[in-house]
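Following are the structures in question.
Shared between the two complexes below is subunit A, which has subunit B as its partner in the first and subunit C in the second.
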Partner chain A sequence: MNESICVLPCNGLDKCAGDLSRRVALELTQSEEVELICPVLLNQNKTRYEKALAAGDLTVIDGCNTRCASKLAGDLDLAIKEKVNVSDVAKALDIKLGVEIRDDQDTQAVVREVLEKINSSAAEQTESEFIEPDSIEYNTFSHGKFIFKVPQSNYFFNENDCWVTISGNMARVGVSDYVQQNLSDILYVDPPEIGDKFEQFDDLGSIESSKAVFEIISPVSGTVVAVNVSLNDAPEQVNESPYEKGWLVEVHLSDFEEDQDLLHDCPAYFEFLQRKVAEIDV
Partner chain B sequence: MITNKIGVISCSGEECLGGTISRLAVRKMMEELKPGMVSTLCLPLFIAGDGGEREFAEKYPTIAVDGCSKCCAKRAIEKYSNKVAGSVDVAEIIGEVKALEKPLSTRNVTDEHMEYVNKTAAKTCEIFDDILIKSI
Partner chain C sequence: MSESTFMGVERDRIDWSPRIDFTKCNDCMDCVEFCPHQVFEVDENAKPKLKVKNPNNCVVFCRACSKTCGPDAITFPDKPETTKMIKAIRKAEKEAATDE
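Now for the complex of A and B:
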């Protein structure tokens, strides 16, 4: 955890998960380096917290998937350093929270787990073995006011608009230009854990804008060896450079030859995307 | 008789003890004093604009229970929905100095705090009953 952090819980009152977000936040503020941010006062008077937000990283604790605290941070253009969703943590622990606010073994376990998530530093990642190409050439097409770009070669795409590019047995995964334009300003990237093993089309984290959350569907199978930590401070790189600086996850491939059968190469994806954009009339 | 058609919104309560009291008072009202008769609206959800909270407060009388004189809940309701049907300021019940003490986790709440909760809940129930009588 950084020396100074601001904690923004959702503080919901009508569900147990919202109440737990508050309990976690209050536990965290036992430390002098943590400033608790009241979501409602923040909405009403942002200047009240300007100093604290300028000095510390922002951790957001959402109670449920309505993500009120995240949305508030997004609406106010606050950069989120870390984010935890109480309901997701409870689900992973196989605990049903429900509506009733309670203080029992289950809710205490959820609070402990959320605190641990926030306090634990990211796993060490080794230096990248991925060799980046010198330059990437793009093809583009326009539709209305939008211009979409797709690399000319060395990228492969699934139909969920996630890409993979290969360097030996290593690969990088990201989202297409189409995804970033749909989401608009990316506020937060929720990467998988280093060491996670996954199959093709498994969920590989998510990215989030003030408009929506996009689940990253992995185009390949493998093991996570690195995540793009520069996105912690600059998630907008996904918007600015979706195929290069905005890569999301680096993986050790397990069977790319087989995975490739279900992927589009660049020319095929270019055509696929043209059809898709025309059909949904973006 | 209307049931479940009066809303109560507590302030979010992270700035001060008054906020802790307002939250507990609204829970007490909902669970013990007026069970099944009151709809508790989630203020963060209300501000986010999801979940039908704003529409509820536009259609039905809604009471704001605020922890201090900043009156975040009352202001939010009036900004996004409608005039409040009634409002409670915990600071007026327990005193400004006390209300502005640090917020508490519910597990650290003492008998003294529970007395404040009871008074705040009773005041909110009074307003609730008045609204109910007028609506008949």
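Now for the complex of A and C:
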């Protein structure tokens, strides 16, 4: 783990959320270990920041969902270590930011919350209780130059291409080989919070490539007990091993029997996926 | 046909598609560019320009376009309600099939 961090904020000139990203970034740079990266200069001259980026982990602060800062990092192939979206934080606090730039109690509260989010390290997670199988056998089919893999058994899928595999009342959730090939190089995994309770088909965080953001649509209902922290440093594991090393979230199941009604087993998903890729351009 | 059903339920029986708040929409068309399923249509001569042309092309439970929306103008129906409805339709169809 690097000791220093580089902060790449939204440019923050025209809207309230952007202005708050700028304020958070300026607060952070009060610390000596933090280097501020100007998005405009970075875009113009990447080499200017090469040294700082090599020495420190990159934290990106997006103002809104346009995600200019994230997209810039993605376009320049910069690995993002941590990321926060000011508008999401404001929404969670039930604060409406609007367009106009202002400095009042509400905006100060958002700045504080964003800073706290960046400064607090990930919640402690307990030792994994999930028992991994020794080996997994796959079926494959090809479509054009693509080859798609689906496990032969013990995985269940929703039609949103997310999988779940079960061990007792614990389960792991991830995305299918189809998703990772569609997104190509995964640059960032945004995990849910430990302890979050969720229903079947709720979002369980997202994964992001330079092409797109993919919402993890949970195949089951339950509680988040762990996230795959090895993806912080190596999100490419989702590409290399989508069904095993690239698992995303470990959950405590609440009612798998009920959830199973809206899931495919491996052979059914294999057929579903074959139909799907035949119908749309991959 | 996987595109016209979701878990065996005909797609047009499931109410799942983006709703646009035109008081917030700024015509940036990021959603149109993002969605690979031709859910949206742009008519330069109309007002508003953006239209949800093919709601049934929208992937059930996907809300990804709303995450690309800077002004946060896109919302979707309630997920648990939608899940309940899909399960109810499946159950009714199963029962109808066993009655025959």
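Methods note: the second predicted complex is superposed on the first by the 280 of 282 C-alpha atoms of A that agree within 3 Å, B and C clash if a C-alpha of one lies under 4 Å from a C-alpha of the other, contacts with A are read in each partner's own complex, and residues count from 1 in each chain.
We take it that a residue touches a chain if its C-beta (ideal position, glycine included) is under 8 Å from a C-beta of that chain, and two chains touch if they have at least 3 such contacts.
Please read these numbers as outputs of a predicted model, since none were measured by experiment.
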item	value
Fit or clash - subunit C, subunit B, common subunit A	fit
First, second, both or neither for A:Ser87, with subunit B first and subunit C second	second
Centroid geometry (CA): angle subunit B/subunit A/subunit C, rounded to a multiple of 10 degrees	90
A:Glu240 touches, of subunit B and subunit C: first, second, both or neither?	neither
Contacts of A:Lys276 with subunit B and subunit C, given as first, second, both or neither	second
Partner chain in contact with A:Phe201 - subunit B first, subunit C second, else both or neither	second
Partner chain in contact with A:Thr66 - subunit B first, subunit C second, else both or neither	both
Closest approach of subunit C to subunit B (Cα atoms, Å)	5
Footprint overlap on subunit A, comparing subunit B with subunit C	66-67
Subunit C to subunit A touching residues, read off their complex	1-3, 6-7, 28, 30, 34, 36, 59-64, 66-72, 79-80, 82-83, 86-87, 90
Touching residues (chain side subunit B, partner subunit A) in the complex	10-15, 19, 23, 26-27, 40-45, 47-48, 50-51, 70, 72-73, 75-76, 103-107
Residue numbers on subunit A that touch subunit C, as the complex places them	64-67, 87, 91, 158-160, 199-203, 206, 212-215, 217, 261-262, 272, 275-276, 279-280
Subunit A residues touching subunit B - in the complex, by the definition given at the top	9-15, 18, 22-23, 25-27, 36-41, 43-44, 66-69, 71-72, 101, 103
